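Sharing a structure, written as structure tokens. Questions coming.
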Amino acid sequence: MSDDDDILLDVAHLKVYFRLPRKNIFAKASRVHAVDDVSFQIKRGTTLGIVGESGSGKTTTAMAVMRLTPITSGAMRLGDTDLAALEGEDLRHARTRMQIIFQDPYSSLNPRVRAGAIVREPMDLMNIGDPADREGRVADLFRKVGLRPEQQALFPHQFSGGQRQRIGVARALATQPELVVCDEPVSALDVAIQAQILNLLRSLQDEFGLTYLFISHDLGVVQYMCDEIAVMYLGQIVEYADRISLFTEPLHPYTWALLSAVPSADPATRARADRIRLQGDPPSPIDLPPGCRFSSRCPFAEARCVQETPPLRSIRPGHAVACHLVSDDGVPPQRRS
Amino acid sequence: MTDSDNTQSRQIDEMPETPVEHPFRQFVTMYMRNYAAVAGLLVFVVIVAAALLAPVILNVDPFEMVDVPLLPPGESGHLFGTDNLGRDMLVSIIYGARVTMAVGGAAAAITLIIGLSIGAMAGYYRGWVDEVLMRITEFFQVLPPLLLAMVLVALFSPTLETVAIAIGVVSWTGVARLARAEFMRLRELDFVKAARSIGGRDRRIIWLVILPNALPPLIVNAALTVGIAILFEAALSFLGLSDPNVMSWGKLIGDNRDYLLDAPWTVTIPGVAIFLTVLAMSLIGDGLNDAFNPKLRER
Amino acid sequence: MAERLLSVEGLRVEFKTRDGIAKVIDNLSISLDTGETLGIVGESGCGKSMTALSIMGLVPIPPGRIAGGRILLDGEDLLQANEQRMREVRGNEISMIFQEPMTSLNPVYSIGNQIAETARLHEGLSRADAMARALEMLQAVGIPAAEKRIHEYPHQMSGGMRQRVMIAMALACKPRVLIADEPTTALDVTVQAQIFDLLNDLKEKTGTAIIMITHDMGAIAEMAQRVVVMYAGRIIEQAGVTQILTDPRHPYTQGLIRCVPHLTRNPTVERPPLLEIPGVVPALSQLGSGCAFAPRCPYADAKCRAEMPPSRAVDSGHDVACWLTEREAAA
Amino acid sequence: LSEPKQGGTLTFIYRIIAGHFNPAIASGTPTGIPGTQLFAALLRYDDQWRPQPYLAKSWSISDDGLSVTVNLRENAKFHDGHPITSEDVAFSIETIKANHPFKTMYAPVTKVTTPDKLTAIIHLSAPHPAIELAMSSQLGVVIPKHIYGEGDIRKNPRNSQDIVGSGPFKLKEFKPGEYIIMERFDDFFLKGRPYLDFIVFKKMAESTSRIIALETGKADITAFASDPQELTRLKKSKHLTLTPEGYSAIGPLNWLAFNTARKPFDDKRVRQAIGYALDKELLIKILYAGFAQRATGPIHPGSAFYSADVNLYDYDLDRAKALLDAAGLNPDADGIRFKTTLNFIPGGATWKRWSEITKAQLKKIGIDVTLKASSDFRSWIKTVAGHDFDMTLDSVFNWGDPVIGVHRTYQSSNIREGVPWHNTQQFRNADVDAVMMKAGLEINLDKRKALYADMQKMVVEEAPVIYINASPYHTIYNNERVGNPPIDSIWGTSSPMDNVYIK
Amino acid sequence: MQFLTVVARRFLYAFLLLLAVIVFNFVLLYLVPGDIAETIAGESGGASAELMAEIRRSYGLDQPFHVQLLTYVGKVLQGDLGSSYYFNAPVLDLILGRLGPTLLLVVTALLLAIFAGTLFGVIAAQRPNGIFSHFITILALIGFSAPVFWTAFLLIILFVSILQIMPLSGLAEPLSETGTWKWYLDVAHHLFLPVVSLSSIYLAQYSRLARASMMDILGSDYIRTARAKGLGQRMIIYKHALRNAVIPVITIAGLQFSHIFSGAVVIETVFSWPGLGTLAFESILRGDTPTIMGILFFSAFVVIVFNLLTDLAYRIIDPRIRLSNTA
């Protein structure tokens, strides 16, 4: 996180709150703190992963970055464009530079539009390239993502799930974006198909120098795909590190718990004594506990954790954590006890 | 990453080489599989043809008194008999088809336009727009529609236009709710978000992205709406609130209701005509529904 | 080894579809001993759930049809049992929990009511006794403040809680076999871990045998002693869990293990591409006479496409259905 | 013929039920039929236009025609036991004069004096030939001053509930819009009357319902039946008698009226042409199955003043076309001479049918008629009384004497915008005005008849209105049950039914 | 507590809705051509201009629009719906006098439709391809397609004219003593044809709806759970499925209540049923403005009350709504 020129996406203090319908007209409107003060940066050509449990705000972060959901506050820069401030036509034009791949290959393609048109549409709408060349480009993209160009005439329902996800990838690449947001791009796919898409995404990144914001709840996938990883819990980043440090030296108890919860085919991992089990489910993002949001489930929680919100501190270059109990020299609580 | 890996990932070609069926062709095939719906469509086509070709088939003024009143069907060459004023019922039925279909169609169109616009806005924009529009919808929902239509027709005097407008004004709430629900559902789907992320404007998203996907239930509903509008027109005519200058089926029943016991055909024949038309519309609606949702039919 | 509790022999299930007869399950044989956990893995649509439903006697007939085989529970053929007997078996001797905890509970009855119902049905308990049993079960599956939550409705609970309720319900009559059909797919990993621990605990305490259906090799490793790998309605490999994980013989099994990016504690900077299994599972109604995996198999030859490989023991308790192993054996 | 018997219930069905039953403040048969049972008038009429004593034991008109002396019966009581006095008579006449829509009826009355409890003297500003008729049936009821004397009588709740009347029956129960049950008044001033214990007056709006009720014996009698299918069908039942008698006082005429102030109907020839173009015989045949009587002029054929010596406008299309040609209305390429509109009075299918036939018939002489339906009464009134119409179909009652029911529709002094049946044709003819003025003051019956004969001829020639028929009102009763049906009076069922009995 | 605030909110909405209905009615009927004076004049066969002016004054019709509106709203809120021109009686009394028969008709028809419809649908759903199921489908199509008055006519021809086993019109034979069991029987006898005609449409629709929702539910996960527990078919249908299947029927019934009310206008006219429907129809023909306004207001009121009841029924049947704070 040093070389500033290299940073494509810079998100600072992003907050997205959703207003809920009031219980009655006299009641205070309650809000969902879906994303609450989140900051991160992605270097050009690298992949930042966001992991976390369901409801931790991963998708909302992605949508905020894509400007597909209203943001409550915060700053976002894409290259040298102030993304958060764009409106109307400017925003429309900026969209060429960032695209998204969705989780559900079934609902993310308009069932009434042919595959070719789905991929071509962004070019038409954003006026990219010479209209005469677009035909060729679409065919090209089809080949790039592993589809046959003659399949352009088909409708989405005539493709399998994996193929549909390939169309989604092609659509995202149509505008030649710099940033591609992938929101759980493989979690709806069969295990055997997941590998196809993951490999495809990686090879495309190499080929086009893409930058990914990669969202997943599957730690295995994140470990495979990402260069840097942010762990989210209840709308906040609790740990932020490069790939190697995060998995070899997780600092936050939640990261630790997450890692130990993943069932492993490796008997050695399974047998490790330092696995910890969490109790219960994450609390509701509406009525947030005071202090550290993880304190209610944290096996190490102390009085201070319930009172004070821990800031995200940098323990060493490229590794930050939001936990009172991690010592400044980077000893996590689970190691000490 | 090695080259061989890349080729492996790209050679994938899992498409079965089945002939590609165009969705519309598939739609037609599905529809044709429902015999009742095909029958409904036939009836509908016959009625519309009769309505359009009325002056060609029978160049007679339906108001012309051609014979003795209340001749039973078949007598003196009147296939459907004559009505209480000695007018040929067959002619009345054929010309009545024009008016009935026109009023039914126009009223249904008004219903759909109002309902769709309100439902689409409420479902797409949500928030206070939704709140306001839904309160208006609720308002129209608590007023008994026929009663309101009667008052409206009475207010603006019974003509074809007022009848059609009144029916439209009282029956759009269902369409609005349906459209709203569809828009709410669809706007959350990822392809709508995708449309925005590739630079689609609101208008484009509402009308070109969401609407085509919201159409199937609305089209099914439209078929039923025409049927309901025809029933409405019949009820208003029956209550005497119809345009006296034109012949409609409802008017035939209303005019002849006093002859129910002595000349039952004067009431039964237009009744059957209405019944068949509305039946045809519901069968068509069923057929469309099946054709739009092929999965439902498998059960 | 304990005595044989449940065995399925040569089960065939067919479905009538518009494209013809689909052999959803073809000549499937498995067995389960008391206190054992058997894992069934495979891609979507390979017949895992259908196997479970066949054991429960819940295959929808029509369009489904049990075309042959036997399902023996303590020697009693459940396929020959009448509906009355099957009702006694279900929920009492064999229980099942499902993938979707969100929709598998009836939204209009309180959870206590739904758990108690099973106990009243099979054990004829009074309403009060049944509720007491329900409470006991809720406590057993670790639901906090069970006295209070027993009166709540499904929509008031989180997914993990609902799955616990499902487990409580399934275990209310102390069944001998519990079939868990992807019980954690819809849940978060941390919750999944809790559920796995819970199931293992309960198995220890009650001796209930478990059939665990999943598509996640990690989950299998965590839970099962023995694994059955299915592909397109057939068993292609069957072995103890360590054998499968360390020495998978069938190319499909190999693929299944290696195409998933497994989490490791010692990641390297190098990230070799994942192994891919190309293509998709074929439509069951269009299976040819050969090995169903042949079209996707990198080693397939003419024989594979023409002839179905028989199941063969390659090791003690390790059966594989693949011409490749035949060839190796011959070689 | 059997002897009248005491007791029994008469079930009278009718298409509508009025909102109240006080004939002093409203005309109309729904009020009148029950109203004349509840309230007694001073006089009653036989079927030959001869006035008879009723609440008045006797009466006399002074020679100059300027005063009428009425002597009441001694024993007459209201339903609450109060004796009926000349005070009540004076109060009633004043109330009617102030509130009743028929202004001409008591217009000449200057005051009513009451020399004693049983004598009332009505003073007139001019001779008034219709005064006796105005004292009969529903026109001249006597209402109790002690009940209606206070406040605005139109808003008095006792017009419909807890009625204290003077007639042979008292109100037992009124369910608005459903039925009225009237019970014998034991202290009625005619001894031994009425015969009936109860009259149930039940609303039946549907023609079919009425047919079935009468056929199955569930109802005994109905009045003002004019639907042809009802008449045709019920005529076939042996136990039912259909009679057109009893409607001469009402004098209902059906006509097509023009707005003579509007082009092209300001031209007499156009109006006459339409007169010739309407096939009146066919209309009567089709609309009334031949039950209706042809109307030829402004006076009902049942009236003593009726004269048939008028232009009958026999159906003649050539003549009609010739008249239109003469008026300069030539057909265009489609054969259309002019477009116009036709309103018709709402209520009852007959009017709509009639308008449709008219439309079809006028098409034959090149007049393109657009029908304008009014959904309710008042939009029709608004249009017609507002003089915003071309032609209209409606029905007008003569109400016994021409002075009451006929003059109002032709007098040029009576053109009042906004008020229905007040010469809404805007017909202005000095000669007609003059002859009506004279006839209204003439007491000699023969001279009056001659004057009205002239008047009829003149009006028909001018054709502000095309007369089609007298409404074919029929009373239908069950002849096996009903004795002395109420047809022995020019007022028919709007006369007291104290004579009616159940066999 | 939460329940109470929800109820309070519903009441507030209901009140505002009613207020809107009042204003709407007034504006609408203010626009009707002609006024009371003409109506009275028309009814009584003519009136002088002075008399008409006098009538206008006495009914406050000479006041400017907003004064009339405010007066009207104020009066309605005090329970005074004005007074009928025609009946010369308070509209409220007229309506209350007619409300009983209408509610009897509408509620009986509705309950019949809901209960019989659900039952039919549930039976049909168990054999989706059985004869009864097809019969329900056909019945639903017929019920939906036949104009309600026409159905009524056919029933009249059959039961009244040919078989002569049903009375034709009215609520009961007049003059019979009310309140006795004989009278109740008589009312039931009179009620039969109107109820059957009116409910035919809805009965058909609800059986179809119940059939569809039952079929949906029988394929749902929680029914599979119930089977896996070892429950018998009857328990599954009548305990686990029925309660869920009724929910959409009630939803639709709630939404359609105003339609049933409308249908009653036609049916009441055909059978001379002494309810609000006939009163409304006749009042429109008479141009009796206060009565029409009163009826519109009152029917909206009844519909709103009914919707509140539906809501309540919902909350009893469906805990998801009962225990949620929105909706």
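For reference, chains read A, B, C, D and E in written order, and residue numbers begin at 1 within each chain.
We adopt the following convention: contacts are C-beta pairs under 8 Å (C-beta built on N, C-alpha and C of every residue); 3 or more make two chains touch, one makes a residue touch a chain.
All values derive from a computational prediction rather than experimental measurement.
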| field | For chain D, the least number of touch steps when starting out from chain C | value | 2
| query | What shortest step count links chain B and chain E in the network of chain contacts? | reply | 1
| Hey, which pair has more contacts between C-betas, D-E or C-E? | D-E
| task | Quick one: report the Å distance separating chain C from chain E, using the average Cα coordinate of each chain. | result | 53
| field | Rounded Å distance, chain A centre to chain C centre (Cα mean) | value | 32
| Between chain A and chain D, what is the gap in Å from one C-alpha centre to the other? | 89
| message | I'd like to verify one number: the distance from the centre of chain B to the centre of chain D, where each centre is the average of its C-alpha atoms, in whole angstrom. | response | 48
| note | Each of the following residues of chain D touches two or more other chains, namely 206, 208, 212, 346, 375-376, 379
| note | Touching two or more other chains in chain B are residues 1, 5, 9, 11-14, 154, 240, 257, 260-261
| message | Multi-chain contacts only, two chains or more: what residues does chain A have there? | response | 160, 162, 196, 199, 202
| note | Note: in the complex, chain B contacts chain D through residues 61, 63-65, 69-70, 84-86, 153-154, 157-158, 240-245, 254-255, 257-263
| task | Quick one: which bits of chain E touch chain D in the complex? Just the residue numbers, please. | result | 32-35, 38-39, 41-49, 51-52, 55, 58, 83-84, 86-89, 94, 97-98, 156, 160-161, 164, 168-171, 174-175, 269-270, 272, 274, 278-279, 282, 284-287
| What part of chain E is in contact with chain C in the complex they form? | 220-222, 224-232, 240, 243-244, 317-320, 323-324
| Residues of chain C touching chain E in the complex | 56, 58, 86-92, 95-96, 98, 100, 103-110, 117-118, 121-122, 153, 155-156, 166, 169-170
| message | Under the stated contact criterion, what part of chain A meets chain B in this complex? | response | 63, 66, 68, 92-93, 95-96, 98-100, 102-104, 107-112, 121-122, 125-126, 143, 146, 148, 151, 153-155, 158-160, 162-163, 168, 171, 174-175, 196, 199-200, 202-203, 206
